[in-house]
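Two complexes are shown next, each including subunit A; its partner changes from subunit B in the first to subunit C in the second.
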Partner chain A sequence: MIQILTRYCTLLVLTLLVLAVMSFSLAYLFPGDTLENLTGLVPENEAQREALERQFKLDSSVVLQFFYYLGNLLVGDWGYSFTSGLPLLEEVGIALPATIELATYAMLMALFVGIPLGYYAGIRCYSTTDHILNSASMTTYSFPVFWFALLLILVFSLQLDAAPLSGRISLLYDVPRVTGFILVDVLLSDLDNKSLAFKDALSHIALPTFAIGAITTASLIRITRRSVIDVKHRPYIAAAVSRGLSSWQIFTRHILRNALLPILPLMAIQITTLITNAMIVETLFSWPGIGNWLIQAIYQRDYPALRIGMMAVSTLVITLTILVDLFNRIIDPSREKYEHAAV
Partner chain B sequence: MYMGVVKRLTVALCTALLIVSCAKQNKKAFYNTGIIYCSESNPVTFNPQLDTSSTTSDATSHQLYDRLLDFDPDSGRIVPSLASSWLVTNDGLTYAFQLRRDVKFHQTHYFTPTRNFNADDVIFSINRWRLPSHPYHSVSGGRYPYFESLGLAQNIASVERVNGYRVEITLHRRDSSFLANLATDFAVILSQEYATTLFEAGSPSKIDILPVGTGPFKFESYRKDRFIKYLRHEDYWRKSELRGDDNVASSAEDFDNRSNVDANWQDNVQLNGNISNDDVTNVQQLIFDITPRSSLRLAKLMTGECDATAFPAQTELEVIRARNDLTLAEKPGLNIGFWAFNTQRPPFDNPDVRRALAAAIDKNTLLEAVYFDSATRAKTLLPAASWAFQNDADDTAYNPVLARQLLANAGVKEGFSMTIWAMPVERAYNPNATKMAELIQRYLQDVGIEATIVSYDWATFRRHLQDGLHDSVLIGWSADNGDPDNFYRPLLSCGAIPSGTNRAMWCDEDYDRLLNEALKTDDIDERTAIYHQVNRLLYERLPLVPIAHAYRYQAYREELNGVVINPFGGVRFGGVEKTL
Partner chain C sequence: MPQFSLYEEEFHPSPWQRTWAAFRSSHIAMVGLVMLGCFVFFALFAPIITPYDATEQNIDGLLIPPSWTANGVISHLFGTDALGRDLFTRIIYGCRITLGTAFITVVLAMLVGVSLGTFAGMLRGVRSSIANHLLDALMAIPTLLIAIIIVAILGAGLLNSMWAITLALIPQFVHHTRSFVRAEMKKDYIVASKLDGANRWQLFVHSILPNMIETLVVQGTLALSIAVIDISALGFLNLGAQSPLPELGVILADGLDAAYLAPWNVAVPGTAIFLMVLSINIVGDGLRSALRKRVSH
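Right after this comes the complex of A and B.
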């Protein structure tokens, strides 16, 4: 167990180190001044420039510069945004939780809707219900997410006037930021109109969650269904049937858990898609998350923000993927003990 | 037993309905307390003295601040604001302002005022842009573009405190547009006490970032690209006005006594009977939701996420008109789009050639194709919103036969080629200069002139224009106040050639003489008569062809009551009420 943990930790640290090298090299690769790209600070005169260069070790060798940069990354000194002039740690600290919140709800929706439907379709495979579910999930899965989100906006926001189309909560509410998750923050706040605010936040979150969640749900239905069908054809199911177990008993004792095992690693792959989709949908719903923030940074050529944004998003994706994989390894005893860790 | 179930169900249903309706009531009550305005961009600063862009003045001028004087949005006349009345000496050089008492500055989380508004605040606010030696002059860059472009600082000899509530301003030269300049969005009154506090704390530049004023709203927070939050200013002075006019009456008396004593003072006391801004609304918050995309602003307006939006695009106007829950307010704006000829280049130095070109184009078609009927045809430089507007002014007419004849007489041969410069940016006064240039190109072809269209990026374009490299140019002008001098002087006077606003490079002694004459009198009828002569002169010499005065649009939801389009500057939310 400890060995596995060590392996995964090494993998995580090494990958992050590679990422740090890449983000550091971006400061040199982006057009413009290296010092400015690296720090987000624009020196007003030569003396100031020299002082800054000395401070960031830009006058010494590249290796030394990198280690200084790494140290700064670790202590949270990430530089400043060109456009807002605010510390990037603060900006990412606001934007990233918003994206995670959206992705989490979408994932929860996928888990609680996709897996049961997938089981149902798998058990009843090749029935009419299965065909309907299967083709519906196929269709949803093939939607480009931005098109789907636009369609939702058009129908539910503009035609039916059922949900708002931008932001996390009406700007009239002043919700103090504690966790960065708006629904949680509203519950923790001491607003006079807490229930109103909560409803408002829910109505804001519904459409984007649905847009991202629907596509992940569709793929989960398909994965679960396939896995259930596979399990159903295993010899131990035939043995159970011949032992005279009822179909409910077969389902709860043999199919339910065995079908889950292959789903988990596939879910790890879904995380990347999920976060990417979340970032696209954010820009459509003006959701103040990391995707929207990065797009703004691209428009405004905010290189320090791009450098850190890339770092933050990849770190998030890699950490989540490795965690899911690790979790999978722990609960699945059937996998080889000495298999090497891999992403 | 069966009946019992029904009874219980009914009770439950009624309770549920009651709760729902209560919640609805609550919801309405809460949403009524805040106005959300979707604005198009970030303000550059929170002090409109420092920037002339309309984004900045929309966000700050009428929300956070007051001026000594205001324009009445309907008549365009100057009305009292922080100055409750004023007097001008007979020579027109000294202005005395009686200031309003009991005007409170904002109390915010960063500043608590200890005194009310008085003469020191006026002197501080004016001296900040007027005197380069003022400690605050160079704070935040030291550029005051509006005042610089008018050379106002050079014309003010002194700003003196007579007593706590009276200020005298002396000019070097007579300037009958002076009061109008004090009523523009840029001439706001800052707090001298706040400035001193900041100066002592060593952070003077905060005055333009964390603003303090006397306006109907006070600053709460700002996040770039996201929002600006303002809260209601509980002690806003216009509210107390509704209860009684005591202080105003007494200040008027002050002046009555004085004007009896000193015969040099013109009897020009204005009483503030016509201040319409009754700020007794339920609005607690004003929020600027910064939304650069025009289509998204419209979408937010439709879903009710915004109560009002800035600058709806011309193509969206129909959508707004078609919806019952939205109101599109329009008013002729204070602007002019025109086609100017470079009168220093032959053959455009010949008025006949200019008249020929003017007769070659059909202005009505241009109006329909480029403005989609969101503009009125311009006869002179002045739009109808100005008090000196001349309804019966002469106008050029579409007449290609006359055009050919005039051109032939002037010796311009068939196949003569010229350039039309089309500005590369969208402006209300010309939403699509390239399209207009293409239309004009076709009209000119009909009279035997080959026109080529020229465009550069905006900065280069303006630089080359200033150097006079163009034959003719499609451009325009938005004025900052309703005074006619704000149109005639910058656009065509000799002095405006070096400062780069006279696109026709036209210098005419008669014209300049008439303009100066008009400034020497305060009598509005007399001035109007002079401007009519100016119009006549322009029609005869035609250095430019006036094309259109574009409307100013503002779209808002039905729930908002009391929205007034202010043709003389930024939007204003004081006195606006919301009822869902």
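Right after this comes the complex of A and C.
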């Protein structure tokens, strides 16, 4: 157990170090001045420039520069945005929770809709219901997310006027920021008309969540179905059938848990797709998340923001992926053998 | 007198023929193949099919509705956009650009990914562990992020977005090849070749590659659908192909300006992307189940 934990911790630290090196080298790779890309500060004259260069160790070797940069990253001194002039830590701190909130709800939707449907399709495989579910998930899965979101906007926001077009909550409500999750913040706040505010926030979040969640749900249905069908063809299921267990008993005792094991690592891959889709959908719904923020940054050539945004998003995704992998490793003893054989 | 020989009548289909037979038995897969065939045909013969030039503007015919509506004209099948460009022509050229670049991207990523994956799969010890785990972790960086970084360094453009998508697709080929090579290396026929004195290169070319090629094709179709979606997404976000170029995502983004007046400018390119991805996915799925059927029988 301890060995596994150290292993995964080393992996996490190593990967984050690689990311830090990449983010540091971006300051050199981006067009423009290295000092400005690295700090987001524009020196007014030569004397100030020299002082800044000395402060950020730009006059010494690249290795020293990198370690100084790493120290700054860890302390939370991430530099300033070109466009807003605000500290980047603060900006990311506002944008990232919004994306996480969107992605969490979409993932929950996928888990609670996709996995049961996948089980159902897998148990009843090659029946009419299975074919319908399978084709529906294949169709949903093939939707380009930006077009799907546009269709949702056209139908629900513009034609039916059922949901608002953009933003997180109506400007009428002034919700204090506590967690960065708008629904939680509304519940924690002491507004007079809390239920109205909650309903408003819910109507804002419904469409983007559905746009991202539908595609993840579709792929989760397919993954689960495949896994259930694979498990159904195992010898131990045949053995259970010959022992005279009812199909419900076989399902609860043998299929349910065994089919979940192969789903987990594939779900780790889904996280990446989910975050990418969330980032695209954010720009369409003007959701103030990290994707929208990054795309605004690239339009305005805000290099320090891009450098940090890249670091923040990939750290989030990689940490999540490694955590899912670790969890999978802990609950799945059959992987131990494989690991010892491999190394 | 009937001429028959019992022995010659016995027909042993090759693995490819058996896969094809299994593929053909699924009607949905065949429909998908025909659809994909149409898109490939459009892509290859775009200049012959299209009645107009993709960038030719016509100020006398702005926002003409599609031909099946009351105000439409048959000379513009899908209508025209806000600059009077024929939408049908642009869609056909769009299929060419989107599908073509996606295909090139996937082939590039496959070449690089398979070679890296083979190296990683044949490595042993600590080096293998580090290489594999790092690759797994780097696989998690989203495409859009890589694209944003590359656009920031090199500037926006179709070519740069292709680089970004190639980079993003490589890890999954590496991952796939690596686990395949690693599983194969333990099998007896590889040991036999090794005992015959085959070096690593010969092992790969003569023993592993022929066994891997079918799963690679399946993996390739999967990657192709991702590449099509990503290229059009980048075009749509104005990070990939730029405006006059008829790329499907760009056409969609252009149509967005007049979405309220002319909804077909959003509907048609979106449907084209959707159908393209759908047909690729159906064919990929059909291939996968055909392979599975063949292996399990």
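We adopt the following convention: the second predicted complex is superposed on the first by the 337 of 343 C-alpha atoms of A that agree within 3 Å, B and C clash if a C-alpha of one lies under 4 Å from a C-alpha of the other, contacts with A are read in each partner's own complex, and residues count from 1 in each chain.
By definition in this document, a contact is a pair of C-beta atoms (placed from the backbone, for glycine too) under 8 Å apart; a residue touches a chain by one contact, two chains touch by 3 or more.
Owing to the predicted nature of the structure, the values given are computational and were not obtained by experimental measurement.
Student: Quick check on the superposition: with subunit A as the shared anchor, is it clash or fit for subunit B versus subunit C?
Tutor: fit
Student: Subunit B or subunit C: which reaches more residues on subunit A?
Tutor: In the superposed model, C touches more residues of subunit A.
Student: Go through the superposed model and pick first if A:R301 touches only subunit B, second if only subunit C, both, or neither.
Tutor: A:R301 contacts subunit C only, not subunit B.
Student: Contact-wise, after the overlay, does A:P288 reach subunit B, subunit C, both or neither (first, second, both, neither)?
Tutor: Touch partner of A:P288: subunit B, not subunit C.
Student: Give one of first, second, both or neither to describe whether A:Q48 is in contact with subunit B, with subunit C, with both, or with none.
Tutor: A:Q48: touches no partner chain.
Student: Given the touch rule stated above, what does A:S157 touch, subunit B (first), subunit C (second), both, or neither?
Tutor: A:S157 sits against subunit B, while subunit C stays out of touch.
Student: Give one of first, second, both or neither to describe whether A:G167 is in contact with subunit B, with subunit C, with both, or with none.
Tutor: first
Student: After overlaying the two complexes, what is the shortest C-alpha distance between subunit B and subunit C, in Å?
Tutor: Across the overlay, subunit B reaches subunit C at a minimum of 6 Å between C-alpha atoms.
Student: Which parts of subunit A are touched by subunit B and by subunit C alike?
Tutor: 158
Student: Across the complex, what residues on subunit B touch subunit A?
Tutor: Touch residues, subunit B against subunit A: 23, 26-27, 30-31, 33-34, 36, 224-227, 229, 285, 287, 289, 291, 296, 299-300, 302-305.
Student: Which bits of subunit A are touching subunit B when the two form their complex?
Tutor: Going by the criterion above, the answer is residues 83-84, 153, 157-158, 161, 164-167, 170-172, 174, 193, 195-196, 286, 288, 296.
Student: Which of the residues in subunit A end up touching subunit C in this complex?
Tutor: On the subunit A side, the touching residues are 11, 14-15, 18, 26, 29-31, 135, 138-139, 141-147, 150-151, 154, 158, 268-269, 271-273, 275-276, 279-280, 283, 291, 294-295, 298-299, 301, 303, 306, 309-310, 313-314, 317-318, 320-322, 325, 342-343.
Student: Where on subunit C does subunit A make contact in their complex?
Tutor: Where subunit C meets subunit A, its residues are 28, 125-126, 128-130, 133-134, 136-145, 148-149, 151-153, 182, 225, 229, 232-233, 236-239, 249, 252, 256, 259-260, 263, 266, 270, 273-274, 277-278, 281-282, 285.
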